[in-house]
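Consider the two complexes below, in which subunit A is the common component and subunit B and subunit C are the respective partners.
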Partner chain A sequence: MSRFLSLDGLLAWLDGLLKEGTVVVAPTLVEGVSLYQPVPAAAEIDLDGGATVLSPKEWLFPQSHTLFTVERRDGAAELKEGTFDGRAVLFGLHPCDALGVHLMDVPFLAEPADASYRERRERTALVGLSCTRCRPECFCTSMGTAPDDPAHLDVMLTPVEGGYAVAAASEKGEALLASAVLEEKAVPLPEPPVPDRLPTEDLPRVFRALFGHAYWGRVADRCIHCNICSYVCPTCYCFDVRDYSRGNTAERVQSWESCQAPGFARIAGGYEPRPSKAAKMRQRFAHKFLYFPEAFDGPLSCTGCGRCVRSCPVNIDIREIIGDLQRIGVSSVGSGEKQD
Partner chain B sequence: MWAAEKSRTNPLIPYAATISAVRELTLDVNLFQVELHDGGGFAYQPGQFAFLSAFGVGEAPFSITSLHAEGGPMEFAIRRVGTVSAALHDMEPGSLVGVRGPFGNCFPLDDFRGKNLVIIGGGIGLAPLRPIIKTTLGHRSDFGDLLIIYGARTAQDLVFATEFEDWAAVPGARLELTVDREGPGWEGRVALVPAVIKELQPSAENTTAIICGPPIMIRFALAELKALGFENHQIVTTLESKMKCGLGKCARCNIGEKYVCQDGPVFTFDQISGFLEQL
Partner chain C sequence: MVEEVRDKARELLSAGTVECVIGYERATDGITARPLFAYSPEEADRFILDRTCVHNLARYLLDRKGKPTAVVVKPCDSRTINLLVHENQIERDKVFAIGVTCPGVVEAHWGETTEGLQSRCGSCPLEVPVVYDHLITVPGERQPRTGFPELEKLEAMSPQERLEFWQQQFQRCIRCYACRQVCPGCYCPICFVDQLDPMWVGIKIAPPENQVWHLIRAFHLAGRCIECGECQRVCPVNIPLMLLNQKLTAEVEGMFDFRPGLDAETLPPFATFRKEELEAER
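Right, the complex of A and B next:
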């Protein structure tokens, strides 16, 4: 026996949460593009759309948001923090995106925590949806999750005939389900789909060994620094902070930034520590597969969602890069092909 | 103004502060004294830095050039280079600014004790070295001989010139000034900083060199120090980097596996030569 929520029951549950003021952030079509956005009604949710174009990190770490404003009046200045004091449900996370949230938690909740992120994260419950099919670009099982993995989720839903099998993974999840009309019945679970596997064994060590390899120049040559890989990525977390001014009010804004952007690390006076395309591209992958696992005890900073593969306009493919490096690592030990 | 409590609960929110005094050090470098409003304040060590906010323009990291142990206001020597530094230069005493800090590690003073020190500065690079100079001059018996080699493009670009006489007057301390280009009113040495190292031949024995200046100066000064027998672990520097948070998160100061904001900004060349990504 397991718990079952009919499709109508799901919509009623979410509409009930909306009615009591909870923000429901879910995949929805915006001008034909699938994005995680707050929805006005459960019927607006794109329940069967697969991976969204942008990842759900956007809810917890917005593209841009106000850290604070400083308003000056009559010789005094008042600072107002941008805050989120509501409750939210991030709905419809596939296991790769649940892993993505976890991989954002790791740096942002590390002390001293990013206060804006922590505030949103603590006030947001994660409701997942296991995958019924894989896309050609999916490789989640190579990154430590799986199409039916409930890890990091508060509630896990598995699509079955007429509705969803329901599993709650946390106290937060059980509390959220209190208002759902669940049935107890025998629900056969479908076989999860099987995504492609990548050779990720020992990746940090391979990255370190090939850090100065000429490969980076070859693969980076066609990059046009559009930054889309960082923007669609559920785990890229580099950010910018800048001020805007209007009348007596200054606004300080935190926003997404990409290590692929020219000027990302350039200092006033002009010094640029990573001027070449090769160094910039290596930075992004080294952060994911070497710096991050070394700094945070293990996990690679990638979920296998495949969004960057789909979005790159010049077909730079993270799967190919991992495969190439493993091959070079095996074949070129001692060959001395180096750059820098 | 806002309560200091906000800055303690959210590390991206600055303390409210006032520029209490501005002194012109050179044509494009001003010394700013900054006083935090009631309830705000922090202790800091030589080599640490803080972010200054010009609200509506932005925020940037600057080394703290005062010595906390002296008990005076916090000081920053800032060259007009970028948008934030230009906005600060346009401010009058009494202006509101934001301060976040202190960030970063500090100079390893314990390692310096009992050693001779060669402090090598170029241009505005003297700013982070000043608290070390003040510390070693104030505690002469804790340190060996102190040789300060300081250069700038012209005599008008030497920062903290009014303090030179006091520094040179301390027993066991020697100040050697140089400029790249001669000019009116300058009777002193005309030479690049690395050439002065070569000329003075400081001994590497029981000595630590502390160096800060433009990258090109550092590169050639390093070569001269090596020629004199200095090993990488005897040479300390402080790195400048793009930064947006100071918390090891924004990743703008990430070099190889290091974050300049938290692992640095002070490094020995032993550490730097071991960076996965070379500068």
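Right, the complex of A and C next:
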């Protein structure tokens, strides 16, 4: 026996949460583009969507948000923090995206935690949807999750005939389900799909060994250094901070930024430590497969969602890069082929 | 015809005429194309040529200034060479253009292609590259021209409706700047949006900032857009950028009887001044 929620029951549950004032952030079709957005009604949710173009990270780590505003009045300055004091449900995360949230937690919740991220994270429940099919660019099992993995989620839904099999994966999830009309019945779960596997063994060490390899220059030849890969990625978390000022008020704004952007690494005096196309492109992969695991004791900073594979305009394919590194690593480590 | 590309590339690389040949190879989805930089005759075996070869490879000439480079160009892409030579960005004699005639290209995004041609191909005036050092003829009937049907729809709107249409489009922009990075005409050493002091446009990824970005981007390309359609192809959130470009293309053509990059002789309006322009009333 397991718990079952009919499709109507799901919509009623979410509409009930909306009525209570909970923000429901879910995949929605905006002019044909599937994006995570706050929805006004559960019926707006794109339930069959495979993967959104952008990941759900933008709810917890918004594209742009105000850290604080300062207003000068009668000689005194008043500071107001940008806060989120509501409740939210991030709905429809596939296991890869749940892993993405976990990987964002690692840097943002490490002490001293990022206050604004922590606030949103604590006030948001994660409701997942297990995958009944994989896309060609999926490789989640190579990154430590799986199409039916409930890890890091508060509630896990598995699409079955007529509705969803429901599993609460945390206390927060159990509380959230209090308002759902659940049935107890025998629900056979579908066999999870099997995505392609990549050779990720020992990747940080292989990466380190090939850091100066000419390979990077060859892949970077076709890179146009746009920010697409960073912005669609569920784990890229670089940002920029600037002040907007007008009259007596100033606003400090945080916005997404990418290591591929011009001037990203430029420092005082104008020095550019990553001047070549190769160094610039390698940086994104080095962060995921070398610096992140070194800094945070283990995990690769990739979820296998395949969004960058799908969105890259020139087919820089992270799966191919992993495969190439392993292949070159075996054949030429120590051969002294160097660049940069 | 694929063999012709490969043969030419092998010949140019073997003879040392160029250091690199930029063409297309199959992408990792097995159905679309991606750019290939071949540095040795052996690598030339990987070149392909078909209707999924959508990228404007001439854009990469900006990354290889001064280095002898051969590049495969479709008619639209070939206009890039004239544009960049006119604007003193590249030297013509450093470029070997392998021109390919074009019956049009399909919409190709990783993992999917369309049967029909890209809409921009409907307004393309060319079948043969405007500049080439070697020409390869690609068989295939060209589909009939359609003009700018979407542009006509937009022009039939009231200014208020048009404003709302564009605000709707720009709202989902994520300022990834893929449109800029892929554009052969966007090569400023420091783009106005990246300028720190003064900060012309704020860093917020939000409607007002997005709108400023797109309008200034479009104006900077007025009379310079060579209609390769790359900005629209690469946009991850499907903003129809070519509509803006086509509108400005039509305006500039109406005012100056000029469409950029079509020949090597006619100087662009920005590089010339005619007295009668003083009298032109707009």
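Everything below uses one rule, namely that the second predicted complex is superposed on the first by the 339 of 340 C-alpha atoms of A that agree within 3 Å, B and C clash if a C-alpha of one lies under 4 Å from a C-alpha of the other, contacts with A are read in each partner's own complex, and residues count from 1 in each chain.
Here is the rule we go by: a contact is a pair of C-beta atoms (placed from the backbone, for glycine too) under 8 Å apart; a residue touches a chain by one contact, two chains touch by 3 or more.
Note that the coordinates shown come from a computational prediction; the quantities given were computed from them, not determined experimentally.
Superposition model on subunit A: subunit B and subunit C are shown accommodated side by side without a clash. Of note, the Cα-centre angle with subunit A at its vertex and subunit B and subunit C at its ends comes out at 90 degrees, rounded to the nearest 10. Contacts of A:Ala175 after superposition on the shared chain: neither subunit B nor subunit C is touched. In the superposed model, A:Arg242 lies in contact with both subunit B and subunit C. Judged by the touch definition given at the top, the superposed model places A:Leu109 against neither subunit B nor subunit C.
In the superposed model, A:Arg72 makes contact with subunit B only, not with subunit C.
In the superposition on chain A, contact of A:Ala43 is made with neither subunit B nor subunit C.
Shared-chain residue A:Val194: touches no atom of subunit B or subunit C. Using the contact criterion defined above for the overlaid structures, shared-chain residue A:Ile228 touches subunit C, although it does not reach subunit B. For the overlaid pair of complexes, the smallest distance between C-alpha atoms of subunit B and those of subunit C rounds to 5 Å. Overlap of the subunit B and subunit C contact sets on subunit A: residues 240, 242, 244, 257.
Partner subunit C is touched in their complex by these residues of subunit A: 30-33, 35, 53-54, 63-64, 135-137, 218, 221-222, 224-228, 230-232, 240, 242, 244, 253, 255-258, 261-263, 277, 309-315, 317, 319-320. Contact residues on subunit B toward subunit A in their complex (touch as defined above): 1-2, 6, 9-13, 16, 53-60, 81-85, 96, 98, 215, 240-242, 244-245, 247-257, 276-279. Subunit C meets subunit A in the complex at residues 27-29, 32, 34-37, 55, 59-60, 63, 109-111, 168-169, 172, 174-178, 180-182, 190-191, 194, 196, 199, 202-206, 230, 233-234, 236-238. Within the complex formed with subunit B, the subunit A residues making contact are 67-68, 70, 72, 76-79, 81, 107-108, 110, 112, 114-116, 208, 211, 237-245, 250, 252, 254, 257, 259, 264-269, 271, 273-274, 279, 283, 286-287, 290-291, 294-295, 340.
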